[in-house]
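Before anything else, here is the set of structures, which you'll find just below.
Each of the next two complexes has subunit A plus one more chain, namely subunit B in the first and subunit C in the second.
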Partner chain A sequence: MSNGLKLGCAALALLLCSLLSLAVGATWIPLSQVAAAFVHPDASSISHVLVTSTRLSRTLMAIAVGASLAVAGALMQALTRNPLASPGLFGINAGASFFIILFSSVFSLSSADAWLWCAFIGAAVAGCLVWLIGNMGQGSLNPLRIVLAGAAIAALFSAFSQALLVVNQDGLDTVLFWLAGSLSERSLSVAAPLLVCSLFALLGTLLLAGQLNVLNAGEEIATGLGQRTGLIRIAMSVLIVCLAGSAVALAGSIGFVGLLVPHMVRKGLSIDHRWLLPGCALTGAVLLLLADTLARVVMLPQEVPVGVMTALFGAPFFIILARRGGRHG
Partner chain B sequence: MDKLMTVRCGGFSRRINLSTLLRLVLALALTLLVILCSLSLGKVNLSPLAVLRILFSSADPSLTFIVEQLRFPRIFLAALVGAALSVSGLILQSIIRNPLASPDLLGITSGASAAAVLYLSFFSVALGQQFLPVAAMLGAGLATLAIYLLAWKQGASPLRLVLIGVGVSAMLTACTTFILVFSPLTTTLSAYVWLTGSVYGASWPEPLALGGWLLGICPLLVLLARQVMVQQLDDSLAQGIGVRVQWLRAGLLLVSVALAGAAIAWGGAIAFVGLIAPHIAKRLIGPGFGGQAAMAALIGATLVMLADLAGRTLFLPLDLPAGIFVAVLGTPFFLYLLIKQRH
Partner chain C sequence: MKSEIRHQPSRRTLLRLSLGLLAFRLCTPAWAQPGAAPLRVITLFQGATDSAVALGVTPCGIVDSWSEKPTYRYLRTALEHVPHVGLETQPSLEDIVLLKPDVIIASRFRHQRIAPLLKQIAPVVMLDEVFEFKETLLQMGVALHRQQMAVALLEQWQRRVAQLRAQLQRTFAGHWPPTVAVLEIREDHVRSHLPASFAGSVLNELGFSWNVASQAASGASLKITSKESLPVVNADIFFVFMRADSQAVQQNYDSLLRHPLWQQMRAPQRQQVWQVDGVPWSMSGGIMGANLMLDDIARLAAADSIS
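Let's turn to the complex of A and B:
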């Protein structure tokens, strides 16, 4: 199968999964009704309102979050040249969680809308901190140093969060559920700026794809070919913070997607970033949509955190892919 | 040029780097100082001299009880847990050839956590708490065995080992979260404290059991120590100089699981020590596994002891889990070393 065909299949899968995500839930809405809801919206029909409000916002957010996390992971792995790097390594998840816990326990903010912005600010603060420390004292960004600084900052923020959680046990349950990753209870109007932000960041990464291939060839070669590596690295870092920050703000910390989807796509599609990045975006979106749809129906009437579902269903698939390939693969 | 000293004793001969030795002695002195401080601070503050008097001669029985039965086992357990986790992290970083490798990332911690949370939620009412370490250790061992078997394909390559490790770890963490979210709040809370890592309420049998286990592993560690550096080379190069790469890798993995699994079983899932202590040790001591391992053990022990000291004294009357303070205390020092060192 050619790469183009594979991407086409992934896009088709994304379309099918989105339809499924609109139709499936606590009440099953037939596909004809789903289509009618968009073509001839009827404000008096409950299923039409359900489809165009909650289900639509969830579906859009799942697509945006899945795509952003997977692409941010691929960028992170290219930036640090470390196969174990994930967007969480920029301290983003830990920073977002810490800010939410801090604001909800100290200033007793409890609306999901306020959490959204806390999370994004926390993610940005942690990302900037890691970037500054990774760069401190020298001109170019040292991959080893940024990885270690990231791990340290992430640990520091999660230690602060744990301390707050242990001291302040009220509201432990809601925060835990939020931290485990969930797409429920986010209204589309509040989430819209972040959705737009991640959309633009995704387009930006696609423009950078060719440059990433050059950078991956090594620092000296890239400089020799006339690339301004420092500038490319800054652009990558900003994009990672935008993508992963908006993802964590929209859906809480969903592990797995950012770390493992890039590896899956590398095995299944190509290591060329011009294919890899769109492949990651589509695969991440499909995986998260499927996981979210399953999370809604597996344990009715309770909802399972979507982060749990992505790992439970994605990991076996990932392990099979990791075993494929050569002896040293 | 570093000064070298040669020790010869019959057929045994070893060259010792004097600056390494000096740094190790300093670290040991620091560790002993921290032990003494931890023994004297707490709800009842004693002077270090009073502590020494209590330890080496008879004194007021109530104070003796506080120092010898309440504080000492807890400090001893913290030190052992820290040392075991750091050495395990050092070994993992060299066999995986990745600076991010640590027991936390490779499914050892998540296996132990999943087993422990499962035990706390479903079996602790019927069986009591005493089998929790066994469950945690079983979880760590099984998780690593599964990772190794899944990664095996005419040998286990480091990259496959770590990727599958991360995959399995993601699944186990998901299971843990699943159980946590759907179990009653009391279980959630005790599980959460366990997952943060705490040596709260340790009594003598616990550190003695862990100490005995670690002492049993030591000979294996000494036997394999000379070969660890070879693991950092390319597989074919290592084979070329006559090392049985796969056996050595399996052996080292076994040792690191035995170390980390036992530490987590008795101390809870204290994160970050296994990652940070080896890096600090590597920045303080030049290449050579023996010196780095000793340094990592001392740093890990000091770090967890200090974290526990902070946890039980800073927010009196609260007794916070040591795991929280490991990152708070370790990170600034680590970042300082990171910034200071310019390649």
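Let's turn to the complex of A and C:
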């Protein structure tokens, strides 16, 4: 099967999963009703209102978050040359969680809209810190130092978070569900700016794909070919912070998608970043949509945090992948 | 050598006996004249603090309340200047030792793991749960030598419940028993308190019934994250309270009120949504809190007859 065909299949799967996500929930809404809700919406029909309000925003967010996380993971693995790298390694999840806990407990900021921006700023701050520390010292960026700086910053921020939670126990309950990752009850109007941000970042990474291939050939070859490696790396880092930051702000910390999807796509599609990155975006979106749809119905009327769901599926898959000894790009 | 070995046990026995007698003599007056030498009691959960006040005992140490910190408003006058020994989930053992209590009231649910340490400090009364207010009251009555008072309080409670039930039956004539739901609004979700919760047990006693989903669910509460699941709490009467006095909670409640599924449910349609105070309904866990709940329900019973 050619790569183009495979991408086409992934796009088709994404479409089917989106329809499924619109139809499945506490009550099953038939596909004809889903279609009618978009074609000629009827404000008095409850199923129409459900589809166009809660389920549509949820579906769009799952697509954006899944795609962002997977692409950010692929970029992270290319940047650090570490097959185990994921957006979390940039300290982004820890930074976002810390900022939310800090602002909700110390400044008693408790509206969901404000949290969104807290999380994004936290992610950006952590990302910048990791970048600065990784870049300090001997001039050029050292992938190993980035990994170490990321681990240190992540540990630092989690320690701060835990200290705050010990002092303020009430905050824990509310923050807990967010920490585990959830896509429910976020309004589209609040999330719109971040959705746009991640969309632009996704387009940006596609433009960068060719350069990534050159960079992956090795520092010396890339420089020899006339690439300004420092600039490319800065661009990659900014994109990672935008993608993973908006993902974590929208949905909390969702593990495994950023780590796993690039490996899946590398095995199934290509290690060429021009194919890999769009493949990651589509596969990540499909995976998170499926996980979220399942999380909604597996324990009705309650919900499982979607982060738990992805870990549940991701971990066994990852073990299989490791046992087969996949080659990492 | 041999004779000494033979003597030692007898000396020990003597010592034990005298210590036992001493203890007996120290304890006897307390049994004989309750209240003569007030017991120093530390209560390690909200329901125990509530019950102590109900029994007319001022504890020498209490734990922080869940909301209205540091002490619930309805207990504040009774518990002024009483030192705090930390949180219900992590009381400070050092503070407890320094207060030299005669008895500690704790619960297995919260304090199972520190029970051995607590027992070294003072005799411990261990309740199984934190919200079984009758059991808490009875056992504390025994421990604090106020058994009669505890029984009297429970009799008074039974009378009040019977009276209120009769009144409710008149109000809901023809529709008795109506189904109820107890909804706690939080920042990002709604908790539905089930029949096995504190509020649920009081409503059960009054004879209210529950919808099928609530009867089938296990545990004390149901977490409703997605508003799409709201129909599982559908009932004739809603008792609603806010988790905290914050803007985000209010916003969540407002968006709930606007939601088409909310407007379709029976209680909102019949204007039977009663806003109540969350402290007695979910966080007190004691006989005084339960009585405050009855006050709220009496409002409902006093309302015009329901069509």
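Criterion: the second predicted complex is superposed on the first by the 314 of 329 C-alpha atoms of A that agree within 3 Å, B and C clash if a C-alpha of one lies under 4 Å from a C-alpha of the other, contacts with A are read in each partner's own complex, and residues count from 1 in each chain.
Operating definition for what follows: contacts are C-beta pairs under 8 Å (C-beta built on N, C-alpha and C of every residue); 3 or more make two chains touch, one makes a residue touch a chain.
Here the structure is a predicted model, which is why all the values come from computation and not from measurement.
**Student:** Specify the outcome, clash or fit, for subunit B and subunit C once both structures are aligned onto subunit A.
**Tutor:** On the shared subunit A, the partners fit.
**Student:** Comparing subunit C with subunit B, which touches more residues belonging to subunit A?
**Tutor:** The partner making contact with more of subunit A's residues is B.
**Student:** Is A:F160 contacted by the first partner subunit B, the second partner subunit C, both or neither?
**Tutor:** A:F160 sits against subunit B, while subunit C stays out of touch.
**Student:** After lining up the shared chain so the two structures overlap, which partner does A:M136 touch, if you call subunit B first and subunit C second: first, second, both or neither?
**Tutor:** Only subunit B; A:M136 stays clear of subunit C.
**Student:** Now for A:L260: first (subunit B), second (subunit C), both, or neither, which partner does it touch?
**Tutor:** The answer is first: A:L260 touches subunit B but not subunit C.
**Student:** Should A:V49 be classified as contacting the first partner (subunit B), the second (subunit C), both, or neither?
**Tutor:** The answer is second: A:V49 touches subunit C but not subunit B.
**Student:** Roughly what angle, nearest 10 degrees, sits at the C-alpha centre of subunit A between those of subunit B and subunit C?
**Tutor:** 70
**Student:** Touching A:R296, do we find subunit B (first), subunit C (second), both, or neither?
**Tutor:** After superposition on chain A, A:R296 lies in contact with subunit C alone.
**Student:** Scan A:V308 for contacts with subunit B and subunit C and give back first, second, both or neither.
**Tutor:** After superposing on A, A:V308 lies in contact with subunit B but is clear of subunit C.
**Student:** Look across subunit B and subunit C in the superposition and give the shortest C-alpha distance you find, in Å.
**Tutor:** Shortest inter-chain C-alpha distance (subunit B to subunit C): 6 Å.
**Student:** Need the overlap of the two footprints on subunit A, from subunit B and from subunit C, as residue ranges.
**Tutor:** After superposing on chain A, subunit A residues 169, 173, 177, 302 contact both subunit B and subunit C.
**Student:** Any idea which subunit C residues touch subunit A in the complex?
**Tutor:** Listed in rising order, the residues are 66, 87, 89, 186-189, 213, 222-229, 231-232, 244, 246-249, 251, 260-261, 264.
**Student:** Within the complex, which stretch of subunit A touches subunit C?
**Tutor:** Those residues of subunit A that touch subunit C are 25-27, 46, 49-50, 54, 108, 110-112, 169-170, 173-174, 177-178, 182, 184-185, 296, 300-303.
**Student:** Along subunit B, where are the residues that touch subunit A in the complex?
**Tutor:** My answer: residues 98-101, 105, 150-151, 153-155, 157, 159-160, 162-164, 166-168, 170-171, 173-175, 177-178, 180-182, 185, 188-189, 192-193, 196, 235, 271-272, 275-276, 279, 315, 318, 320-321, 323-328, 330-331, 334-335, 338-339, 342-343.
**Student:** Could you please specify the touching residues of subunit A with respect to subunit B in the complex?
**Tutor:** 82-85, 89, 133, 136-138, 142, 144-145, 147-149, 151-153, 155-156, 158-160, 162-163, 165-167, 169, 172-173, 176-177, 180, 255-256, 259-260, 263, 299, 302, 304-305, 307-312, 314-316, 318-319, 322-323, 327-329
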